[in-house]
Amino acid sequence: MAKLEVHLWSGLRRFVDGADKVEVEASTIGTMLDGLKETYPGLAPIIDAGVSVAIDDEIVNGSRHRQLSSEQEIFILQKIKGG
Amino acid sequence: MKYHTPSSFQEAAQIAAEATGTTRFLAGGTDVLVQMRAGIVLPDELIDLKKIPGVFEMTRAADGAWRIGAAVPGARLGANEDLVADWPGVVEGMELVGSTQVQGRATLTGNLCNGSPAADGVPALVAAGATVDITGPNGTRTISVQDIPAGPGKTTLTKGEVISAIHLPARGENGGDAYLRFIPRTEMDIAVVGCAVNLTLDGDVITSARVTLGAVAPTVIVVEEAAAAIVGTNLDDAALEKLASAASTAANPISDKRGTREFRIEVAGVLARRAAKIAYARAKGE
Amino acid sequence: MAKDEYREFRLVGTRPDRPDGLDKVTGRARYGADMTAPGMLWGAVVRSPHAHARIVKIDATKALALDGVKSVVTRADFPEGLTGEDWNLQENTIAGEKALYDGHAVAAVAATTRFLAEEAARLIEVEYEVLPHVIDVDEAMKPDAPVIRHGVSDTTVPEGMSPNIVRKIEFGNGDLGAAFAAADLVMEKSFKTEATHQGYIEPHACLGQMGSDGKGEMWVCTQGQWYIRKMCSAVLGTEASQLRVTPSEIGGGFGGKTTIFMEPLSLALSRKAGGKPVKIVMSRSEVLRATGPTASASMDVKLGMKKDGTLSGIQVEFRMQGGAFPGAPTEFALYCGLAPYKFGAVEAVGYDVIANRPRCAAYRAPGAPMGSFAIESLLDEMCLKLGLDALDVRFKNAVVAGDRAAYGPKFGSIGFVETLEATKNHPNLLAELGPNQGRGIAAGYWFNHNGETSVSMAISEDGTAQVSVGTPDIGGSRASIALMVAETLGIAYEDVRVNVAETGSLGVNEPTHGSRATFASGKAAVLATEAAIKEMCKRAANEWGIEPDAVEWADGAARPAGPNAGQFPPMTIKEIAGAMGSTGGPISGHHESLPDGVGASFGCHVVDVEVDPETGRTEILRYLVVQDAGRAIHPSYVEGQYQGGAAQGIGWALNEEYVYDDKGRLQNSVFLDYRVPLASDLPKIDTVIVEVPNPGHPYGVRGVGETGITPPLPALANAVRAATGVRMTHLPMSPSKVLAALKGR
Amino acid sequence: MSKIHVTTTINGDEVEFLADPRETLLDCLRDHVGLTGSKEGCGTGDCGACSVTVDGTLVCSCLVLGVEAEGKDIRTIEGMADGATLHPLQRKFIEHAALQCGFCTPGLLVASKALLDKNPNPSEEEVRYWIAGNLCRCTGYDKIIRAIMDAAAEMRGEAA
């Protein structure tokens, strides 16, 4: 487990007491998302509806088991697909 | 639906006159089949005119007048060099209808009978002073093309009547015609505005003219004031301005998915000016 | 994945004939409507003529009385209790309590002939109570607007807003006030784009069969057979594995064939007709009224710029309606529109709004063209105001690897600056312009996507290879995948056959969407091939009696390596394959993953136009597309994507739009009046393929399909501005609008 | 609805079928004769995917009734190659990557063959206007035009 800093798009900030980033203890994308939902129940419907996660310079979809470390920059984004 | 292939216009008219349900005549089919496919028109009787002798014929009489059979497709008008030389505006109007594929089937008669205010084939026919032969259950008659359209999708033809041929007058010396339309793309669209000009010259001076507009009123319109604006002139800038202004003034269009009323009024004048220049150059043999 | 940029390739980058070319030039290739089955029925759909209406009663008595009519379905034939996206799909497939848009399906019928089915559809009587409707996005957001449905909004929407606002997106960074204060010029403008349709030439078509046991088969034109399977099963309440979906060849999709429309209806009709297969082929009018389209947008942009062209801050609010269901791609419009530049401070707000229109589907870089139109247009206007060169300003502010995107994360390897360089050096920029002519430049961006991917490959007894992919070939992906597999194996391109598999033969694959086929299926195919190569090396090692690690693969053969190098002659793939029956059985490779390493793609377009000052008509004189492909596996099909994207963008910019009457009925549901570009409308489309290899792909591939539709909208608007002096802020720039602007009306 | 017996020649072979008089030639080709190479993209003569020739004239088969085929000579995409030998246009379409999805391809090939039969040396503009009624949504037409021009040059015996 590592202490991760997760950046949120600003529309989500009102679910996390106005913070633009939150800390969560987790080791993977999945546990990070679960941790966010547990700590901030307001985020649950948004996360459940589907989000993409940016890890440093890569946008990742799915991949709950991907390992995360505290050196990485983590962003939650609206789910990305395409035409 | 019953499919008929009469061998004469009298027989065709008879079938139509006796029909109790929806009747359609079939020549090129490029309007009728579209309506059938869309379920807009579901004919009970479909009368194919193409088995009637002579419907594909196109002839110029000794006096220079033309007779164009009811089923002659647009592509064949353009392929007839004599017709193109005499009535280039009429031909270019018809050739603007649809694609190459549609040109293989679509006819001037059909374009006229479809009753569209935007029909590209019609303004130049009216400007040329064309007439049509009509066969009905009570015999035949000949009337001006101008008197056929009665409003969007409507004609003055009565039950059982069918057009058998179109006549164009002899071109004569020092005459020229032209048709221009405005569409957003380069092809395939319905005219937003159409304008035909037919004129004759004595030297550089215009001695007679007819100016018609399509898609700016429920039917094609003949703009007398526009013709008057250029008769007696050598199509100088002042005459062209008067012509454009008269055309715009005469236009009384609606706004729809293809263009606004303001746009159509404005462009009616622009096209009148441009078409007149082409017709003038043609009359001079340029 | 390690990769050498300077590697030379034997096949990658060449332009061989596509494997499916012969079938497609001889009429043999079978598309959605080309399949028939014994005992087949034809289906027809009854559609609402109203934009918004309560369905009071549906009476099919007269239809069912016709000889040859076998089944009729309404919403009552579908399970209740669905929620979320499953409910949205079901409701869009067939209306429940209300018809939500002109063209919304309300019933369907199956009969022995197409004419009979159509006649029966006309005889199904539907009683409607017409309700007030709303079409325009800004109208739909007003507090007193007719409400499409209550309870759709998610928790991001503040209380007190119209129930038609279903999602709010907000992001940003920096001090905008300070940024604007520091700017030498701050401008703001509002922009609008109308809804457009993907406009694939092949209408939706399917042949579905389902028995009372819930087992079914479907033949369908789709970008994603597993999506069809999952969505149909959800809507019908059946089990996904019991439905086998075979994708036909596909006549274009552009995102519009990533979801379901009438497919569940064919299965429901079949199930009710005793399991007889039911074919449904949409008319063009049905396609335009009830499938696709894209969202329409209303956008405000405020931008700050310094005298030297440095951007200091940007504030944007985008409002987009995506039809009667949530899903307007507002966030992508914001992300992609803002992606190309370092803006300084950013404040971005977006709304996803519902209205009485068909449900929007993905359309090539969903959202990105609208966002770019607004932002790149204002950027251009400010360059003019400050007397700056549009390309120089783009260079100055262009993002490079390591820069932070406006929406948060940093960019990895990207090739935007290289793309701008290639643009600057192109001869089209030197072409002289005459009166009424103007040049427009704009950039664009798309993320690209990975997606669930499962690929199998197998070595045949003769040493050739077959590859099964789950992504339908919509524009040459069989060729690009065959090239990569053949390159990897060291065999001839012609010796690889790529098959697009049905749902029964692979794990789940996402559709061919997000520009992912050559990236994701290609990467998985290469990894699957590497697995097969490993096995072939093992077979050779066993034969030679050495360790498998001591064998390497090169030029289509296993070779002893390291201390064993030269000890045995190379064993070719033909030899290994020919013996595989006696050396351990079949040799195959498999790979499934959500491939990582997606590489984004930037593009820059330059267009020259001439505008007729008397009619407002815009003619395109020349067109240039420059875009980063990472690496072009088959350059012809990369160019094809660039040109196709540009053509669609040109249509969007100049003539394409959904036109509604005051009753909310679509007025232009045929190609006569939905005006896609014609061959005679366009010039040659020049292309430059920039190659900044994507380190996340074994051959450096970036998706190329979508970026190309993004720059044309602003590029055309900027060109019209240059030609006329008039800034068009509302697309399409139809002659009526341009002439009115020229006349100052 | 009584059907009408139609005898016609398709790609050189005599063919008979029973047509509902409401059926288009395209319907009959696809549903009765099993020639599904001609496509329906619009049903209104606006897209050209159903292009065939009737007695040598290029038409949209969706705008011709099946019963009108009686006694005619119909040519479709399926008859374009000479046995195993592709027509130069077919070959050039593949070579120039002039197709992406391939749905408009049969119609474009039939239409461009009709042009080259009539005019072996068309200008680019003539080609563009001739095929203006053949919609392609994938390619932007660029490679299609190049393929047609190249095929025409080859057929004239000019080096590409």
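Order of writing sets the chain letters: A, B, C and D. Residues in each chain are counted from 1.
Everything that follows uses one rule, which is that a contact is a pair of C-beta atoms (placed from the backbone, for glycine too) under 8 Å apart; a residue touches a chain by one contact, two chains touch by 3 or more.
Not measured: the values here are computed from a predicted model.
Chemist: Taking contact as defined at the start, I'd like the list of chains shared as neighbours by subunit A and subunit D.
Modeler: Output, common partners of subunit A and subunit D: C.
Chemist: Whole-Å distance, subunit B centre to subunit D centre, using C-alpha means?
Modeler: Roughly 29 Å, centre to centre.
Chemist: For subunit B and subunit C, what's the span in angstrom between their mean Cα positions?
Modeler: Averaging C-alpha atoms per chain gives centres 44 Å apart.
Chemist: Taking each chain's centre as its mean C-alpha position, how far apart are subunit A and subunit B in Å?
Modeler: 67
Chemist: Subunit B: which residues touch two or more other chains?
Modeler: In subunit B, residues 37-38, 186-188 touch at least two other chains, as defined above.
Chemist: By the touch rule stated above, which residues of subunit D touch at least two different other chains?
Modeler: Where subunit D meets two or more other chains at a single residue, that happens at 1, 22, 43-44, 46, 129, 131-134.
Chemist: Which subunit C residues touch at least two other chains?
Modeler: 198, 254, 283, 670-672, 677-678, 680
Chemist: Which word fits the touch map of the chains here: line, ring, star, complete or other?
Modeler: Shape = other; not a path, cycle, star or full graph.
Chemist: For the complex, which residues does subunit D have touching subunit C?
Modeler: Interface residues on the subunit D side: 1, 20, 22, 27, 30-31, 35-44, 46-47, 49, 76-78, 80-81, 86, 90-91, 93-97, 99-106, 109, 125, 127-129, 131-145.
Chemist: Which of the residues in subunit B come into contact with subunit C in the complex?
Modeler: Within the complex, subunit B contacts subunit C at residues 37-39, 182, 184-190, 192, 256-260, 262-263, 266-267, 270.
Chemist: Residues of subunit C touching subunit A in their complex?
Modeler: Residue positions touching the partner: 84, 154-156, 168-172, 198, 254-256, 258, 331-332, 335, 362-366, 401-402, 407-413, 446-452, 510, 513-516, 594, 596-598, 696, 705-706.
Chemist: Which stretch or stretches of subunit A touch subunit C in the complex?
Modeler: Those in contact with subunit C are residues 7, 9-12, 15, 42, 45-46, 49, 54, 56-63, 73, 75, 77-78, 80-83.
Chemist: Which subunit C residues qualify as touching subunit D in the complex?
Modeler: Interface residues on the subunit C side: 15, 17-18, 20-22, 24-31, 33-34, 36, 113-115, 198-203, 249-254, 281, 283-284, 474-476, 634, 636-637, 639-641, 643-644, 646-648, 670-672, 676-680, 682, 684-685.
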